[in-house]
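In structure tokens below, several structures.
One chain, subunit A, appears in both complexes that follow, with subunit B as partner in the first and subunit C in the second.
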Partner chain A sequence: MEKRGTSSSTVLNFIAGWAAVILLIFPIIWMFLTSFKTEIDALSPEASLIFQPTLDNYRTVLARSNYLTFALNSVYTSVAATLLALLVGFPAAYSMAFLPTAKTRQTLLWILSTKMMPPVGVLVPIYILYRDMGLIDSHLGLILLFMFANLPIVVWMLYSFFRDIPRDILEAARIDGAGLWEEFRYVLIPLSGPALASTALLSIILCWNEAFWSINLTTTKAATLAAFIATYSAPQGLFWAKLSAAAVLAIAPVLVMGWIGQRHLVRGLTFGAVK
Partner chain B sequence: MIAAVGLAALALSPAFAEEITIATVNNQDMVIMQEHSSVWEQKTGNTINWLVLEENVLRQRVTTDISTNGGQFDIITIGSYEAPIWGKNGWLLPVEDLGTQYDYADIFETVRKGLSVDGKIFALPFYAESSMTYYRRDLFEKAGISMPNQPTYSQVAEFAAKIHDPDNKVYGICLRGKPGSGENMVPIMTSVNTHGGKWFDMTWNPQINGEAWHKAVNLYVDLLNKYGPPGVTSNGYNETRALFASGNCGMWIDATVAAGYLFDPAESKVADTVAFTKAPVADVPNGAALQWAWALAIPKSSIKTEVAKSFMAWATSKEYIREVGEKKGWILIPPGTRKSTYDLAEYQKVAPFANFVKDAILSADPTNPSKDPVPYTGITYASIPEYQSIGTEVGQQIAAALTGQQTVAQALAAGQAFTEKTMEQSGYLKK
Partner chain C sequence: MTAVNIEGLNKHFGAIHTLKNINLHVEEGEFVALVGPSGCGKSTLLRIIAGLESSDGGSIRIGVRDVTQLPSKQRDIAMVFQSYALYPHMTVAENLGFCLRMQKRPDGEIRSKIVEAARILHLETLLDRRPKELSGGQRQRVAMGRAIVRDPQVFLFDEPLSNLDAKLRVIMRTEIKEVQQRLKTTTIYVTHDQIEAMTMADRIVIMDKGEIVQVDTPMELYRRPRNTFVAGFIGSPQMNFIDAKPDGKGGVALSQHLTFQPDSDVFLKAGEFVVGIRPEDLLLDEEDGLRAKVTLVEPTGAQTYIHACTEDGNSLVTIENGDRRLRIGDQIRLKPIIRHLHLFDRASGERLTVA
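The block that comes next holds the complex of A and B.
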């Protein structure tokens, strides 16, 4: 009886799991299909899975916009911002995990609270600051903003992982004469490989998909793929199929990256979830 | 003529090649301008960086830059709503010194006035539009009715009832229902105006709870609930146009710019059966049809004003319109800005709606949108900075009435209260 119960619960879990996957992936599949439709088919109120596929949207999008420039800007800004965030976040997470003070918990919550503010609330001050510093439409400007935007997540993810590392290992290294740098280099960084990989991957994905600052702080030189997609959005005119083609081109690299690194990503997201 | 254009371009071009940045909206006419701009680049040796964005995103992006004197753009695309407000704020450079060759007198006066402050023009119109009633000739014939040249709203309701056939997915009338100052408020305001209503009286007191608003909004809600398509609050301009082009609507009151698509067999299933007539009227003719123009302007923060003027003079000229007609097709020329456009035999030949659109644009007067005098300009908007939020809020309240979440009276009372509060906070009204 018990065996039968387990079996039906497995089947239910399996069905629920697939239902959730289909629900989540449906918009991406629909976008992918729409990118091969004509604009009339894409706008037709009677949605259909049967249509004559065309590559025209991809041709138009690639001819109208310099995809490579947008893609390279996305690579530069997301990779550089992630490296910077790791550089700052790693020692911060270390100090809070291994050398906690009475205020560490509040500090961690305060760091996270910066993510709760809607970005539009600080658009004008940041725009004026960037204008005066000559950072509008620059890679450096976006890198700095992406870094600050992702720093809370980087700190929290690394902190959660460090909390799982037994202190004895670090103490043993210290007894063997390791200084802080050696402790980092020979003990903590090798041990944190998976955590660093998943944190970096998540940070790159978040930077890659960031649209608000990319659209509002760039014009043409530093615009990323998020701004590239916005170029094809329109309330008037037939642009849905082209918009879908642009979106497929924009998410393709990060989708592949996510696919390759999914094992690390899932592990990174569940650090500290089970003790 | 080509030689004259070349000379004009050379006269306006600077001694050294420059790079300018243009922010523009993503619609077909602007995309054509972007594609065709290589002609100007070759003529002048200057180059262009383009930032093409969706209307609302562009508005936010450009507003942030211009209000902070960011200096990111040399030319921006703005609408009839922004031009007078931004011109008054001193954010734009006047563009009235392009010389006699530019032929300012050729621009329709109502369009020019809509982009000017105190007689000074701050943006050059790229294309302009009004509104009209599209209808299906075949459905009308089948129902044994004929559309008059000037329908009334009562007749529209009567016709919608006769051609409504939901079993065959043909709905009597389609109108924008998606809430927003630039969405459902467009058909609602033209109806309010012609019912004798207005946004504000001469002392800026909101009039949303007035009798004309009640009549117009009750009619709008009744029409759509009885004869409209399902899920109408999700339908903006795009969705409604797609519905009409797919053969699901008997009538549609909306922008004249849609005519080019609806008459194009490659994009519309009803290209051979679509017909058009004037936008309906009720008690007064004022403000029954919208008027809107997309225009090019130079922000005060630009440091390449001469090159920017050179581009604007070319892109909004008679010669540009002709070049686009010859190279891209006459149906695709930017309409509604110049008298000379309607003298082009090639355009008249392919666009049966050309003169009709011209008359609609000429008869729509944004300075006189209602029965009574008003302190603002604009037919579907009021040219004050606060309008965006007011229009959006009132649009949301009416959408809630359309879905039955509240009554029309409740929606208008809420809209009135919000607008009064906004106008008090902005200093138009004393508390």
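The block that comes next holds the complex of A and C.
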């Protein structure tokens, strides 16, 4: 039997891996530390890890703006948009996976291609449309935009997962007397539990992190946490420490959610990749 | 018990004409096997009967009902899939009871039917397990059970044994046959395995290139194949075929030295024939018959298959029941049993006379 020792390549891989992790996580750690500094410490050219930590920034941020309103807006919009996207995406993915036509492949590619368009390209038309429909700074407006923005990903993820479900199982259900609704309820949805969970999680995270539309289309009523952070970049200058505190407050919920659901996320993103 | 009647059924997949004018009548309680090489349309035919695929014209009647346009769930059929298609998230009991639940039957009835099916198929101890915790044979039984509990008018089987190993296949073959005989449910069974079809079916439907070539009982198919395709498809080892000519004296010349007189002269209208000889009808002889050289010896235990090449270059197979130790290269003589020969027209492949 071959013995698996610690070869030099293993050590190199180990170092490279950790270097990559530190590189990626560094901005978050930096932001986290800065949020406990005074504005003067935060601006000091000698970046230091040793400082007198303070909760002042958090106090100011929470006092100055209504964090809870922004946070709830983020929750409403991301959850509602995700539910809506699943509601539309599930039947779409079903029909493409189980009842494909000659054009299914092209349709899927076209759906994905819409994600490649820079949002700023449609900012003006959408803005005018929203203004005329009274959707500016409304929950409904954001929910619809988030839903459409995430629909391609939702459809693709569910489609990849459905393709792994043997068609025979659904046909057996049909012969057993299930109509389309029963087929969904008793067979497809229970079988897609992990897929639905990871798709929903990813969609919520993407909605939560969405900044472009929420900054441009909301002011106070429907503004999400992304817009909340942006308010700390004022014309008077940047308040690094307060901005960091606001950012920590904004990303904390989603970071926790991602941490808890990371196993599902990885599985969701690799559906259909390995048979 | 219900008969199934299929009339003028056609199916196209794009430009391909998959089923060509299929007509088939399956009697009440009959076990019919659809057999043919892959791509012959047998699975498509079964799926159309099941309502999983639509047809392009033609009709299907189950009993007195025309089900051609009905969805699967209204056809009162049960189907066993090659992959078993068990619901992976449900226990064996839930798998068995699913169809009854869909019919909104009372809980008590569902439970008693599950217990009854489990008893017939020896699944009593497995009711709480999930499909992934079962062996291949057990999964196969659950799939059978799912068909049994609903007491359908017709059972449909789509190559249900092809995922099992050889030994289990023989056991399950018997079990399926026993269950079918006990329930007397009309059954249509698709397989590519002619042994399976021969051993299980009351009648066999041989299909080729989207058409039904012959429908008959297993022994009739074996004894009187309609053409060279059926003759070659049914029987293992395969039937031997030798090109032959009239000898000018009213007989048929199998080789320079061997002619025979068939008991009917229908065939003489055709110029050239193919003579079919089942391996067991080709006997080893000391003095008479076709001269041949042994090319391969395949012992199977009780019998030995001997492959040989004749002087005219024909490859033949014979079955040897005795204990003669033949070796590759040995010279032998093979004498056909004349009254068991099959005669086919060489051009069309159709059977010419009653041998």
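Throughout what follows, the second predicted complex is superposed on the first by the 256 of 275 C-alpha atoms of A that agree within 3 Å, B and C clash if a C-alpha of one lies under 4 Å from a C-alpha of the other, contacts with A are read in each partner's own complex, and residues count from 1 in each chain.
Just so we're on the same page, contacts are C-beta pairs under 8 Å (C-beta built on N, C-alpha and C of every residue); 3 or more make two chains touch, one makes a residue touch a chain.
Computed from a predicted structure; not experimentally measured.
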item: Clash or fit (per the criteria above) of subunit B with subunit C on subunit A; value: fit
item: A:F239 touches, of subunit B and subunit C: first, second, both or neither?; value: first
item: Comparing the two partners subunit B and subunit C, which touches a greater set of residues in subunit A; value: B
item: First, second, both or neither for A:G179, with subunit B first and subunit C second; value: second
item: Subunit B versus subunit C as contact partner of A:I128, first or second or both or neither; value: first
item: Degrees between the directions from subunit A toward subunit B and toward subunit C, using C-alpha centres, nearest 10; value: 150
item: Which superposed partner A:L43 touches (first subunit B, second subunit C, both, neither); value: first
item: Which superposed partner A:D56 touches (first subunit B, second subunit C, both, neither); value: neither
item: Partner chain(s) touched by A:N216 [first = subunit B, second = subunit C, both, neither]; value: first
item: Partner chain(s) touched by A:T231 [first = subunit B, second = subunit C, both, neither]; value: first
item: Shortest CA-CA distance in Å separating subunit B from subunit C in the superposed model; value: 51
item: Those residues of subunit A which subunit B touches in one complex and subunit C touches in the other; value: none
item: Interfacial residue positions of subunit C with respect to subunit A in the complex; value: 50-52, 71-73, 77-79, 81-89, 98-99, 102-103, 146, 150
item: Touching residues (chain side subunit A, partner subunit B) in the complex; value: 39-40, 43-46, 64, 123-124, 127-128, 131, 136-137, 215-216, 219-221, 223, 230-239
item: Interfacial residue positions of subunit A with respect to subunit C in the complex; value: 166, 168-169, 171-179, 182, 186-187, 190-191
item: Subunit B residues touching subunit A - in the complex, by the definition given at the top; value: 21, 23, 25-28, 31, 34-35, 49-57, 60-61, 64-65, 67-73, 182, 236-239, 242-243, 245-246, 248, 257, 261, 266-267
